């Protein structure tokens, strides 16, 4: 099953046709026998036989993935390779596919190689895990052992970057970028490894067997004690300050579709307020209304107690200045034909007071704050990595020193380590400048790691709100609870002492 | 005759003769009064015959009429029909058929203005056509007209069965009988086994319309066709050099004409017109514009090989003299003529204009060529603008001179009034004596070449009517 | 299903508008022609009275909107009026010619698909390979040679030089099918290069898609993959290209028909222009516009059949056109 | 989570073998055709309209390509005959672009009813067959260069509008334009900073594709006798004029035909390459 959902089925043939074709070729079944067998296969992945009559585009994403799984099982394979079979599915569908897969594997005695980015999901699906970096396996072993007691610095760094919905943790990015190829002559991770020593750079380490059938590719695996993960628990959220943004009874609509109905929320000065909810619940719509991209039908938006005109075109420069927006995808939110410098200068010329030197100073400071070298000023967005691009977008928002920044899914689509780095940057900037953040996301783990307050949205309405630890600790709303239940998570381990390096 | 195609079908015994024409149109019809394009003009003589044929010298010879004569200097003409001629439906040819056919040709309602009606306007009235007995038809003219038999040879004077009004299935006496006609595309006729004159050897004739020049030539050379009309003269040498092909030359079937309005500047200065005539290299026009086919024109409608030719001195090019004439006329630095409108449907005309343009340029006479298709040329430019060019078919001097060079002629190009020319043209019709006619026409030619503004650089072979309508 | 109906309806409305607008443009253009139809019909020697009577009879003196309404109304009833030249109903001439033009165009299309698709499948097997490079360059080359050049070249080679095929195509009605070959080739060759290009892109893209890879994993042969899995998907792009380009094929039809004396709409149009036969020009132009609309609607339907997922036109870059 | 897919094709991406052969061949063809068209008049040994010798001569030292039916030097006519084939289409394409791009950007930016109406109108206009309409128009207005440019431009405007509108609308729908709007940029600024730089690649490609089409369109009109008047030479007309020489002197037809093809092929291959350089996805020529 190749990566990319749904692509595994031929788009112009009915599901039944595809089963018949495959079963005739592989098992020599005639039409009727093939249809019977197809129904069985579908049943084994929890899909009704009615799906046979459908075209692939008439199935939901989760169904499609399960049908594709059934089709992959049709030739009775001994090994199944699944390349990110659940990426792009919502949490509920992810759960279903994972469950079905586990069952099918167990019942049929098929071996499955499950390729995924999602450590939490792996912890629920897999028996054994192999971690790859720069084209090499760096660590293998039973999944629980590897995820709880990583022996390779990369595995550990990765785990530190994963936020958890189960507890408020700080996440940590990995500095630098992956090489994207096999590195010769030294440990591939050495360039980014906090524990790299001269011996790491001498040769490519061998994959060494250690206890419990585990292997690890690190020359220092005996010296380093990585068995205990750092205490990532984040300090409790700060006490409430005065209100920066207040949204009162806002209703937004696209033509006749109402996307948000009577939504009220507030963002406290200098704090992060998260807006979560399933896809299509109206989160972005609300964010756009706040940022001035959309005219709400009714309601009121106040910044520092002062109402903003409903028609965003009537906002003053000052009002525009104080609310900035960062989009999910920096590839599409940055003009590909403008250099980073051009963009930042354009923003500062509009919103930063003072002469040219003062504006350049503001740019330089902001770049430093988002950890970008001044050299990027001459680059086009296409010449930057995804993480760098998102930093540019963040810089463009913060360079104006706004009162409020609206972040719409700014980390989805990023690698976990990149995501962690971006979140850290955001938190840092917010603290330093005292900026308020409205953080829109559907990743409950990310939200828990960064937000002080949470609003849960469903079908255009707020269904639950409160301080983060309260909502996560004791969700009152049925929907919030189901959301939290479905999220896969690595069971937390009790943290003990801090990291110790036996040899310093 | 030149204008009426060729019925002496060549080829081996039996078989089909495939002819290509170029100007078929959706209004193709075999009504003898509506014969306008070569497509029809080629088809009609296979079906119908006229009382008289014209020979090479344009002199009338018997056809359906065994003999014809006048006893009173051209006022009354008696035609005696050949015996034993039958129509395709088996009925015999009778004087009644002749009376009906000719009367209808004179009826403006039926013919919507064919040139026969124009030619005989006020000369022959329908009442003047009488069947005398079962072999004789008498035409009583309003005034003497010595060239009346020529008129009976034109394509509008063909004989069909009396009472015919619908020509969808035409019935004539010709060598072939009608099979089918798809206007604009195809005409099919088959052998008439009862043809009176001689045994027809061909079984079938198919005339197909192919508009594209090169396709016609290609089809001929690829063996898809036996006879192709309106071959561009440029292609002729090519075909001639291919095995098994001959060019059927009709030495002077046509003549090139450049019409200049003698009443407007600069053509109102005789020296300018003379300079134009002098600056032309007529042999080069023949060589380069007409593919080497043709004979020099003497600025009259009569070619040198014609019986009627006046033996004028051969015009030769003299650029210096032309320049001198221009200087005399007040144009020492040369002059720009009004644009010459050319009939773009005729390759010969367009080629002539392009060559002439270069020749005149050397004498300091500059002009632009304005091509115009027949769809608008005849209505908008011909006889209307200051200068224009097209070709005319060879005609009997009486007919062509009266049309083009008589002060009152309907196609009078120069617009100049010249009593002496008029008198010379009319003098020929005063006598039935051929010698006296020749003498009168010689005088007319001398005067025309000297005084008329019309330029006739060459006569050349060619099949009829590449011009769209039967002006020519 | 409803979406399809709405789409079909929208397509139909646009189509009708197109035909109406085309008829107006043609009518207006013909209106400014500096010609007198009465003189055309009656000849130069007709009298002014005769011409006036003719104008009266045909209503040529009425104001333009009145004439347009009368004419458009007639066409709705299938009455295109009479040819001013032949005085016969244009429809009698038009329908058989429409059939023959359709025959020519379809033959050309058949040739282009029969040649273009296999070439594309072969070229896409190794994109960037020698075959692909050469085929690509050739197709660009061929598509940039006007039909009249191709036609003349074909005549030269096959008729004059080799003597294999007839030049004239006017015998198609009498079953002389050989005459159809050269014009169809002349027309089809340009189309081949377009079909090839789009099929190649389609095949290359489709061949790399996950469903083909997973089908390969399930054990299908390459041949079966190409013909059963790749081409049906790639072909909807081709159908769209063909539909979009029908308009340009039509330009080719006019040239090619005249070159080969093919009795279709193209020769009828040029004949009408030469003869100044306004009703004929108008009728051919409008019928042609209607034909194009029909082709596009048919293409939409075909794509829907070929590709149940989209049930709509695969957006093809609009520069996908044959001049 | 997947890493971000780089959707913006980069200017520095590797070019394929086909395109590198293509641009070499295309560039050479284009240079040749343009060179002949622009420099040819300086090199011509004879006056292109003058009678330079006997008609229908084959190639010889004096007349390298021979002479045509009227005895004019074919080489000189070829050298002079490219001007109209280059100038008229270029001018027509420029005019079509000036008008089409303006309308396209205007509607793409505006959106809403204005856009809808224009798009429908464009759909309709695009369905009018250009050659057929051109024949009707040219027989109405005559065939001066002005009419030729006008008619050609007229029928290509809707095509340009469609492409430019599409490109503009895509840019306008993007997040970075939304960001510019939120920032309070004026429409002019958005046009200058966001729209124009991002559609210019497609404009170039479209220009190349159109130009290549228009070259053939104009050549075809010339061939049908609806373009340049004799005696002025023009490659399209020369093909028609000299068809009858094909048998005896094929060069008389092949050279002008090949130059037309070289021009059209060159324009299309080179614009493909430019497009690639500008990282615009080209689907069509």
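In this document, chain identifiers A, B, C and D correspond to the written order of the chains, with residue numbering beginning at 1 in each.
To be clear about the criterion, a contact is a pair of C-beta atoms (placed from the backbone, for glycine too) under 8 Å apart; a residue touches a chain by one contact, two chains touch by 3 or more.
Because the structure is a prediction, the values reported are computed rather than measured.
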Count of contact steps on the shortest path from chain C to chain D: 1
Mean-CA-position distance for chain B and chain A (Å): 92
Gap in Å, rounded to a whole number, between the CA centres of chain C and chain A: 52
Centre-to-centre distance between chain C and chain B (centres being mean Cα positions), rounded to whole Å: 42
Inter-chain centre distance, chain B versus chain D - centres from mean C-alpha coordinates, in Å: 47
Shared-contact residues (touching 2 or more other chains) in chain B: 214, 221, 375
For chain D, residues contacting two or more additional chains: 139, 243, 246-247
Multi-chain contact sites of chain A, meaning residues that touch two or more partners: 3
Each pair of chains that touches, named by its two labels: A-C, A-D, B-C, B-D, C-D
Chain C - residues contacting chain D, complex: 14-15, 17-18, 21-22, 25-26, 29-30, 32-34, 127-129, 132-133, 136-137, 140-141, 143-149, 152-153, 156, 160, 197-198, 201, 241, 247-248, 250-251, 254-255, 258, 269-270, 273, 281, 284-285, 288-289, 292-293, 296, 316-321, 323
Chain A to chain D touching residues, read off their complex: 3, 84, 87, 117-118, 288, 291-293, 312, 315, 317, 320, 324-325, 327, 329-338, 346-347, 350-351, 381-383, 386, 389, 396, 412-416, 418-419
In the complex, chain A residues that touch chain C: 1-4, 7-12, 21-22, 25-26, 55-57, 68, 71-72, 74-75
Chain A-facing residues of chain D, complex: 1-4, 6-11, 174-176, 178-179, 181-184, 193-194, 197-198
Sites on chain B touched by chain C in the complex: 25-29, 36, 112-113, 115, 118, 183-186, 208-212, 214-215, 218-219, 221-225, 373-376, 378-380, 468-469, 471
